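Single-structure report; data block below.
Naming follows writing order (A, B, C and D), and every chain is counted from residue 1.
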Amino acid sequence: MSALGNSVRGIVAVAACAVLIAAPFGLKPYGIYLLSMWAVMTIAAIGLNLTLGYAGQISLAQASFVGIGAYTAAILTTHGWPFAAAFFLAAALCLAVGWLLGYPALRVQHHYLAFVTLAFTTLVFLVLRNEEWLTKGIYGISNIPRPAVFGWSTQAPRDFYFFCLGVLAVVSFAMWRLVRSPWGRAFMALRENPMRASSLGVDTRRYTLMAFAIGSSLGGLAGALYAPLVQFIEPTAFALGLSLNLLLMVIVGGSGFFFGPFLGALVSVLLPEWLRFTEGFYLIIYAAMVMVLMVYCPAGLLGLAERLLKPAAEDRSVLTQSDKDPGA
Amino acid sequence: MTDLIQLLVAGLATGAIYALVAVGFTLLWQTSQTINFAQGEFVMVPAFFVLAAMKFGGLSFPVAILVGIAASVLILGAVFKRLLVDPMIRHGVLPLVISTIALALFLKEGVKEFYGAEAQSFPALWTTTHVTIAGAVVSLQNLVIIGVAVVTIAVLQWFLGRTRTGRCMQATAQNPALARILGIRVERMILYTFLINAALVALASLLISPIYLAKFSNGETLGIVAFIAAIVGGFNQVRGAIVGGLLLGVIDNLVAAYLSTQYRGAIPLFLLIAVILFRPQGLLGRAEERSV
Amino acid sequence: MKSLIGAAFASAISLVAVTAHAQQTVNMPDVIELSGPGAVSGTNWRDGVTLAVDEINAKGGILGRRIVTTHSDTQSNPGVSRAQVQKALDGDPYVLLGPIFSGSVKVNMVLAQQAEVPQFTGAEAAEITQTGNPYIFRTSFGQQASMPKIANYMRDGLKAKTVAVVWVNNDFGKGGRDSFVREMGTRGIKVVADVSTESGQVDFAADVVKVKGANAEAIFVYTNEEESARFLREARKQGIRVPLIGETTLLNQKVIELAGDAANGVRGHIGLSAEVPIAAIQEFKNKFNKRFNYLPDHNAIKGYTAIYAIKYVTTKIGKFDRKLLAKTMHGLTITPAMEPGILIETTWDDKGDIDRISFLAEVVDGKQKIIQNLPKLGK
Amino acid sequence: MSAVLEVSKLSKSFGGISAVDDVSFEVREGEILGIIGPNGSGKSTLFNCILGQLQPSSGEVRIDGRSIRGMRPCDLNRLGVSRTFQLLQVFPQLSVRENLILAGQEHQGSMWSRLLGPRDAGLTPAADRMIAFFRLAPVADEKAGGLSYGQQKLLDAAMAFMAGPRLVLLDEPAGGVNPTMLADLRERLRTINAEEKATFVVIEHNMEFVMSLCTRILVLAEGRIIAQGAPEAVRRNSKVIEAYFGN
């Protein structure tokens, strides 16, 4: 990205942080709840953005990792486990499952991969719904406690919001480091030209699995926060709908752009609420807006921003690249 | 034994519907790499065109049907391509996937707002009498559906394989660049596939609505099942779609009856994964066409 | 991007400011399923509420205050419903209406309790009223109340020894199925087939084959209307002769309309339905149909009567006092004589469960016919 | 001098048609071997077998005496085998410098040190040296996708040398490069060969280029070696002329 782009991104980032910290003091619990939901969804979307945006592996399974994470946290904490343990176990579990889900990606790409992961999401939903002995089935798990962090109780909405924001900050920093490390470079190489990457010693196989594993574990973290945020979980919340929604966040925000998920989650979580004054029409209008947005900036909001910042460069969106590549 | 026949016929009937929806999906994919996540809603909408034509237009059922089909072909075919597909086609699959997801929501909510959430009963095209085959009671409806689907797809096969336009469309699907060089009007051919898809979903809509009833949420499961059918049968194969569709319909019933009702949805998914991983060209697909 | 973020937050802030407590109005927000799987029930509930609110406002409101009701959609998703309830509570409401999905209710009844706001829910799941929450009130039978009535009929009416259960695998169907199976157990009736179906399922061939294979003496069907209709058709087709028993969702007008003659002979328990031959309810049905031109289901009646119950109690205590409202509701009986809008005599017990007379009905040539009145449990 | 690359009795056939047929040869350290031959003579197939992109039907390929059977391209690359491509194969979204760092990074330290270590894996100096060497300085921070064809060709070559390879396979390096830049490229290759002790195998159609660059030339026709030796010798070999121009 150009220096101009960087500076603008910097300014926006700082402004956003200021708003995020100040906001809860001006908001009622409802607004704070929405912001917390935004933070949680952003974490999940950041994970998907790594898998899809940077490494170019389409996944419609992110919802099931949010689900696995949420259920791990809910089941353990309602059985008296400390939240921290549940939190990291959720991430670890998703890391492992994500790694396994990566194997199909070594055989197939693009829409085929999309459908394998889509199938996975639905299978996980069926298990969550039907294995009542473990998940309480369709009844869901209620009264999920909110954690106390080093003696600081996050029971109150604002406290829990800051807890989510804290996790988001840590995750963002880690991701920032990751995509800027040689790994991030290798992921992008994987996305843009796996064959060339391999001829340069990039172990495409391992990086593909890694992209799935890390992306999924972030989904798990998001889930582990979702459970105590809503304090009730049931299987339908983690069905295909959420996966598509997370995909929407990544694409709308700008796939392969670091700040894409933040923006995408903003659109997906806040825009519908914002449109509620239109009563019954809010979802219709929301859908229409998404379509228009995609028509006018297929590379997502940040893709548009980038284009506006340097009009010289013709549109060469990350997506076009990742999709035109022959793949495995 | 009678049970088995019962299950098979019912399964085939449901499967025939999946097939009709899957074929259109396959066509769109072949010619324009469009993965239409609104395909299910496309089946839900035409029924409401017909109902609206009767309710607000005061038309008789047969006329309303024609109006409905025309409206579908125009809106779900031409307009859909113009407004959504064309602007995004250059930008790869994903933006289009997102907008069709949004379109699905748009259609669902639209129908719900303007026609109501209630399931609407839809006049049947024929009497709902039952016939007995080898002890199994089978509704005429089911047989008609199977018949119509098979005939339609046979005709489509013939059209694509034997007529000039059809062959041009196939050429377009297999190698647009070359087709263009050969002087085929690629754009028009792509448009045709969208119109055909719209006609097919309209047909499916008319066939199922008397049984499924017209309801805004009807598309939700249908679309996904159609995808699965298309891929299982062979993504690059019109013929494959009907095999995939029928197979899924039957499997669903057999699983529900003999294995588990709670996991009836799981088996097709395992089938899907297995096919993609070990035979990505689909059961009927030809290996060299696999676009992996 | 900055501007977008700014705008979004501005809106978020403005959102929380809606329905501020004006002097001459009373805020009664409704959080309900208007999209997603619950849309049909939610729409009925919303229209029932709207009808009652408009009637009352036309007559000058409650204690001279106009009722202000905003309907917020939960998308049938507990996470969203929590947000909407939070929003409603931020507006300092007098009471909270809805939701219907017990999952959603479980999320937010705690919030309402903390805010000490009485909540009138359409949920029927048993556990709702068993947490000792003094602010939750049902608007229809809980499953723990309706299932025993069916169970008794199974034992005494049908003298069935074995029964097959067909249920829809969502939070409505599963809850009903579990309470029913429990009741069967206590009455020594054997459940020989336990068939779960998907909501939105169209092909019931397999399910009917299973049920047939079980040779039960009776079949209990607990699915939503469209699915019930499809099941009935398939059952008729495959020549099932044993009695088909169900709840309102198996034999209300909608099902009969959709299933045709296949519905004839179906019997079941009707807690509350637009078909019961009570003048007040028929009158309501016509009003509703005239206004929204479709036939109301039991959810419409739930919403309608909830509003009138609130009106009655508030007028009775003579002020807008949430705690007092909740206290008064417990153990209260409202008869049509006291408040015509209640349509049918209703009692709320100390847990917020309700008690009404209910009916056993049978579908006889396309019409629902009441074959027996079941007295209130309390009597 | 020991053999860096040994190809022995290598055959590869596709559905009965043999593209490479019982080919054996060695490349010694520091050599620049040119492989020429008419189209369809099996050059590329041979390349792909040596690079692990294709599994040979029979025969063996050894790098420094080590069989490469079952090795993936990335494993080979870590053994010091690198390549350039006939068609442009750079990473368009990455800057020139990033492309070069990528080309070197997988040879630096462990997986974990690459995650936790410095962003450039300490390769910026090396990359900049390479940039200077191939005269790419003006475009060092441009996205590779925006470069001219010739520049991308240079970048492609530069990437192949980033990791200080033992053996470099160049697939038509001269293809589509203008004469001045070509001379330039030849000089660069010579220098690297001399300074880095790198061994080259070159597939090329441009006779001038091959003859002037290579120390030894190997001629393929219909999958077989029909001649090999010093450029001059090969130039005069009648079999070669026949193979190219028929009789």
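Points to keep in mind about this one:
In the analysis below, contacts are C-beta pairs under 8 Å (C-beta built on N, C-alpha and C of every residue); 3 or more make two chains touch, one makes a residue touch a chain.
Nothing here was measured: the structure is a model prediction, and the numbers come from that model.
Apart from subunit A, which is left out here, the chains connect through touching into these groups: B, C | D. Distance from subunit C peaks, on a Cα-centroid basis, for D. Closest to the protein's overall CA centre, chain by chain, comes A. Separating the CA-averaged centres of subunit A and subunit C is a span of 36 Å.
Centre-to-centre separation of subunit A and subunit D, using mean CA positions: 41 Å.
Between subunit A and subunit B the centroid-to-centroid distance comes to 31 Å (mean Cα coordinates, whole Å).
Taking each chain's centre as the mean of its C-alpha atoms, subunit C lies 74 Å from subunit D.
Taken residue by residue, subunit B touches two or more other chains at 109, 262, 265, whereas all remaining positions touch fewer.
Each of residues 129, 280, 283 in subunit A touches at least two other chains. The residues of subunit C that reach two or more other chains are 35, 37, 169, listed in rising order.
Here the chains touching each other pair up as A-B, A-C, A-D, B-C. On the side of subunit B, the complex with subunit A involves touching residues 29, 35, 37, 83-84, 87-88, 90-99, 101-103, 105-106, 109-110, 113, 224, 227-228, 231, 262-263, 265-266, 269-270, 272-273, 276-277, 280, 291-292. Every residue of subunit C that touches subunit A in the complex is listed here, in rising order: 1-2, 4-6, 8-9, 11-13, 15-16, 34-35, 37, 71-73, 75-79, 82-83, 86-87, 89-90, 103, 106-107, 110, 125, 127, 169-171, 174-175.
Within the complex, the subunit A residues that touch subunit C are 11-12, 15-16, 19, 23, 26-31, 33-35, 37, 129, 137-140, 142-143, 226, 230-234, 236-237, 263, 266, 270-271, 273-274, 276, 279-280, 282-283, 301-302, 305. Interface of subunit A with subunit B (complex): residues 58, 104, 107-112, 114-116, 118-120, 122-123, 126, 129-130, 240, 244, 247-248, 251-252, 255, 280-281, 283-284, 286-288, 290-291, 294-295, 298-299, 317, 319-320, 322-324, 327-328.
Those residues of subunit B that touch subunit C in the complex are listed here as 3, 6-7, 9-11, 13-14, 108-109, 112, 116-119, 121, 128, 130, 137, 139, 208, 211-213, 215-218, 220-221, 249, 252-257, 261-262, 264-265.
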